[in-house]
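In what follows, structures are represented as structure tokens.
Next, two complexes with chain A in common: one pairs it with chain B, the other with chain C.
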Partner chain A sequence: MERNAPGDAIHLAPRRVAEATRAPAPVRAARHGRRGSLVDRRRRSGMLLTLPALLTLAATALYPLLWTMSLSFQSFSLAVGGEEPAFAGLANYERVLGDAAFWTAIGQTVGYVTVTLTVELLVGLPIALVLHRETRGRKVLRLVVALPLMIAPVVAAMAGKFLFSPGYGLVNEGLAALGIDGPAWFADPWLARAAVLSTNAWLALPFVVLVLLAGLANIPGELREAAVTDGAGRWRILWHITLPLLRPSILIILVIRLADAFRVFDAVYVMTGGGPGSATEVLSTYLYRQMFTRTDFAGGAATSVLFVLVIGICAGAVFLSLRGRRGER
Partner chain B sequence: MTTDSITRARRAPARGSSEWLRFGPRAVSRPVAFTVVALAGAFLLLMPVIWIVSTSLKPDGEVYAIPPTLLPQNPTLEHFVSVLGDETVLRFFGNSLVASAGATAISLLMGIPAALGFARFRFRASGMLLGAILVTRMFPPVALALPFFLQFRQLGLINSPVGLVIAYIPIVLPLVIWMLEGFFRDLPEELLEASRLDGLGTLGTLLRIVLPIAKPGVAVAALFGFLAAWNEFIIALSLTRTPDAQTMPVGIAGYITQFQTLWGDMTAASVIYLVPVLIVTVVTQRGIISGLTAGATKG
Partner chain C sequence: MGMEAGSPHESFYKEKAEQFTAETGIGVEILGVPHDNMHQQFLSDAVAAGGAHDVLMVDQPWVAEFAANGYLASLDERLSDEDRDDFIEGTLDTVSYEGAVYGLPFLVHNQVMYYRPSLLEAAGYDSPPATWEQYREIAAATTDAAAGTFGTMIPGNRDGEVATRFMSYVQQAGGDIVDENLRPAIENDAALEAFAMMQQIQFEDGSSPEGLHDLSAIQGQFLEGKIAMVAQWPYMWAMATDPEQSKVVDDVAVALDPGNPDQVATTFAWGLGVSASSDDQDAAWEFVHWATSGEVLAAKAIEQLSPVPRVSSMEALAAAEEVSEADRAALAVFGESVARSRTMPMTPAFPQYQTAIAEAVSAVMSGQATPEAALRQAQSQMEQAAG
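Moving on, here comes the complex of A and B:
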């Protein structure tokens, strides 16, 4: 869910503090001797406390996913009295991978994710830097930036569709004031993509800014002071001190927003329905159409498995590459 | 930032407050330039919300006015009257409330003990299990819609608020566990130690010691869990068919796919849809602030 993400920012700082203060050593030492039973009891408590949630998630998350995987290797018909489910080998995967629309959706999703993450960081970083400073009205500005947290993606998409609509939309009116003839946004592939992307970037901005602010709060002021004393200019400080120290925050943003951006659905469905043509078709809308328009559920299961694989590989690659680079420092 | 650097920045605004806003060569005084840019940015960020609220207050003729008006010239509540008098919209609203509150309540009931267990009562594989729970947040909801749809068809849970509650648990519960686990890690170890010495069992510790202290954290987790379900779209779209079970986002999206888009009613419905979120935010606000500052004050 895209909306959850901003909540994660809240615990970034506390968690780091906890990481530093937590001391697992005594627990380990207590394994021997009289207090061993205590540790056992603690473990048993832990299992009992987590068991209800684990069982619930096994039933509502793990089982559906395993079931989807098994369905992806079967033939399946929704019709009553239709053929019985039967093992179909890789037929579903072959059908999906042979579908040109699937590759269009993958290409557009990857392109969308790449551009959207870049845009969000390029817009979010300056805003976070402003809000981090001691300026008048900072509190009000923080509230303004946090506002999209509360707006449902569907509502934002609806507002976006209205704002970008030709004629009575405000975007073209603003462009007209600048002497530019506003285009028909949803008729052009690239402009439609830009409209969807900017709506989603607006929704994700609070998360990006809040995580960056938490990261900025963790940078000791003395570092900056020292750099200023050494005669470093503001751009050098930003490039050589602030940005490298923000790397953990940027990593969190990239991994979480990557997964979020990959499953973008609401804004596309409401604003363009995947069009014009299939210019804004992404994996989620492709999968939704495959299931509920073409009722190809076995194929949908195969697409789901491929979808999860693609997200996992991309998130893992981003995580490893950025963590690796941090290690080199 | 240290207090030292703060005072310095205040004393020397030319260097502090706006040093990276360098348009004109001293033509515009920097605080003024900063204010202008900040106001313009804030306006752009608020635009979609201003637009929704303003449209919901415009009479129909003005909604489609060319050129559009930013603020309603003749404000009217006719759209709110029409939406609130529409039984269908009220049903969407009720369904959203039931599904979100139900999923949040169940998730808190299971998530609070689980988060405490993961944070403070570690056992073999607990780290791995927690990691697995957090990874579920990476799954696309559309991939959950498929198995739920096919299974619910057989169980008769399609187009049922109960079905939605079940389908929202794999979304809300991992979120609640993640947020609370971070919060419980910050509880001082002495607290748990003391409660054990006082002879309180695990459950007693949870109910009498941890919960009263963790109230702000629980409030934040509840708020974000509720928001996740309240704003969810694709699963509701897949698992519901009629206004008997459809939720607000599905209903609002429905205004668009009809022949004509009824912007006035749709924006009014959106404003009403926002109200519970605002109420929950205000009610838990104190909790949010203390939740945000919990880590900062302890250290």
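Moving on, here comes the complex of A and C:
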């Protein structure tokens, strides 16, 4: 019996290699052919299955976007039998960018988005950490936290308006019980902004908490146990383990909530109407007035395109910044 | 037909539509549209020329805009001289643009002063104020901030209703927001006097609760019995005298708004118009004509205790046995207030004027701008809107 030296299985004689590879060759080729066609078929059926959704998306999102872009470069009259649409170049953009109210709205919107996202994360994280712990009544608390998700934004805005009302609002009643003279919330620019922001943050908090809870559930318990064994305290665990591993969840929250916060409308329209003065005017309410009070549809289209660009740039910057850091680790 | 959802007009016409169908064989479907969405929805429908509504319930500020853009059909040739004569003088002006009639009004009204006689008497006044000076004095005398009762409420929220209130103040001081050619002219002494009066009552006297008030807050606080005098539309009379909605049922009266010196208030109207994109304008006209006829408007006035713009209807109202003496007195005030006042400027840019004025009032009443600066900015915005 021929003994194989170590490595024989690898270093085979050329004849044996040829035999070994020649015999199954047709079979392997056939297998490749079948696999290829299977992949192709799967790809085709996948495309067919997603085609209705893609077509729907194109009809409801892409087409209106392209149409809006087209309108933004035209001048036309809304009157029956009025001026036919004509190419207007950048005239609509010049008009919008030359309007001081647009810059007020854009500045206030960016400020609102920045503060609201910060507040939501700063408030949502401790709530998520508490709800993640194995404590009694956790399920009930999770349900309570999720309740605002079921409320329509306009209803929440109406409730907010009553809550912050100086004459009969619950907020000032509560402050009075503590011996504090409640302010006229909607008569002061900063307090009006705070009232709008807190109403919207209350609505968005359940989403933030639920995403963070899902992220916390994905952090392996062994990491925390190892850190505890190594003598790490709560803050070090939070800072060096929990937060870095929550980064994907925070990224999801930032990208989704950023676009959502930019579109804030209900709370501003119902609670302050953009006032006092124009202290709470945001891009959505500016756009609404431009379209339906000024009936400037071409200017409104230009504002919409600028609006999409601003959201896209901000969301892209957040996405790339957090994604880049993840890659660095 | 598109009507304001939840309004008394919608419920009245929904109830009466069957009668119209029985008389003419024309079916009517009334589609409720929330007040805040009416302008946007009617505008979108008109731009698309979809003909979703044959008849539109139009607020007066939209009439000129819709007429100028060709969204409303002219009713000039359809309206007979007999009909024209039956409309109270000036009321057809509220639905006219550049000399042609684009709708028929079913309500022409303005704000009057609601007050609580017992509070005024307790403060030593046996009649409501006729001038701003008296108004300010009585408001201060009837204020008891510690008890949570105030003499009046000065509006300041950034909305269209507050803008219309400010327009009334300007007219009461002998001015207007436009000149005789309907060009913006809000930077005037009357507007400054209006702001001075509002600021004195709100900030110097403290006779109005803290905050930027809107119409619904003013209405709610008065019906709760916390305010001695407020300016409101005639529709509040039915609410104020209804025990289920009001705590001041036995202590409420109405008077003309105080003036400086003119006791007037800008009039506004609601009407019915025929959509230019309707494919059955004859049937639409027939309904509009019937719904604003003397008989139907008389029934509406008696049921809702509100003024209507037809002479024959008001005569029927005066003769109606079911109307109490108090109601009759209130209706007389509503009628006189409209008769001595003038209407809003009929220009397509009016909605933008309203927005500019609302922002100015809100800025001044929140202390963000001086009256001079706010009026200058409003004037500039209005001029831009006028083109």
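The rule we apply is simple: the second predicted complex is superposed on the first by the 294 of 329 C-alpha atoms of A that agree within 3 Å, B and C clash if a C-alpha of one lies under 4 Å from a C-alpha of the other, contacts with A are read in each partner's own complex, and residues count from 1 in each chain.
Rule of thumb we're sticking to: a contact is a pair of C-beta atoms (placed from the backbone, for glycine too) under 8 Å apart; a residue touches a chain by one contact, two chains touch by 3 or more.
The structure displayed is predicted, hence computed values, not measured ones.
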Would you check which partner chain A:L48 touches, where first means chain B only, second means chain C only, and both and neither mean what they say?
first
State whether A:A156 touches chain B only (first), chain C only (second), both chains, or neither.
first
Counting only touches as set out at the top, which of chain B and chain C does A:A279 meet: first, second, both, neither?
second
Just chain B (first), just chain C (second), both, or neither: which does A:V308 touch?
first
Name the contact category of A:V145: first (chain B only), second (chain C only), both, or neither.
first
For A:F292, decide between first (touching chain B), second (touching chain C), both and neither.
both
Looking at the overlay, does A:R263 come into contact with chain B only (first), chain C only (second), both, or neither?
first
Is A:G89 contacted by the first partner chain B, the second partner chain C, both or neither?
neither
Does the superposition put A:T60 against chain B (first), chain C (second), both, or neither?
first
Touched chain A residues, chain B compared with chain C:
B
Once the complexes are superposed, what residues of chain A are shared between the chain B interface and the chain C interface?
167, 292, 297
Sort out for me which residues of chain A touch chain B in the complex.
1, 3-4, 6-8, 10-11, 13-18, 22, 27, 42-50, 52-54, 56-57, 60-61, 63-65, 67-68, 71, 127, 129-130, 132-135, 137, 140-141, 144-145, 147-156, 158-163, 167-170, 173, 176, 199, 202, 205, 217, 220-222, 224-225, 234, 238, 259, 262-263, 265-266, 269-270, 283-284, 287-288, 291-292, 297, 300-301, 304, 307-308, 311-312, 315
Complex contact set, residues of chain B against chain A
1-2, 4-6, 9-10, 16-20, 34-35, 38, 41-42, 45-49, 51-52, 55, 63-68, 70, 106, 109-111, 113-114, 116-118, 120-124, 126, 129, 133, 136-151, 166-167, 169-171, 173-175, 177-179, 182-183, 185-186, 202, 206, 220-221, 223-224, 227-228, 230-234, 237-238, 248-249, 252-253, 255-256, 263, 266-267, 270, 273-274, 277-278, 281, 288, 291-292, 294-296, 298-299
Okay, in this complex, where on chain C does chain A touch?
39-40, 43, 47, 49, 65, 68-71, 156-159, 209-212, 217, 221, 226, 276, 351-352, 355, 358-359, 362-363, 365-369, 385
Note which residues of chain A are touching chain C in the complex, please.
78-82, 165-167, 183-189, 272-279, 289, 292-295, 297
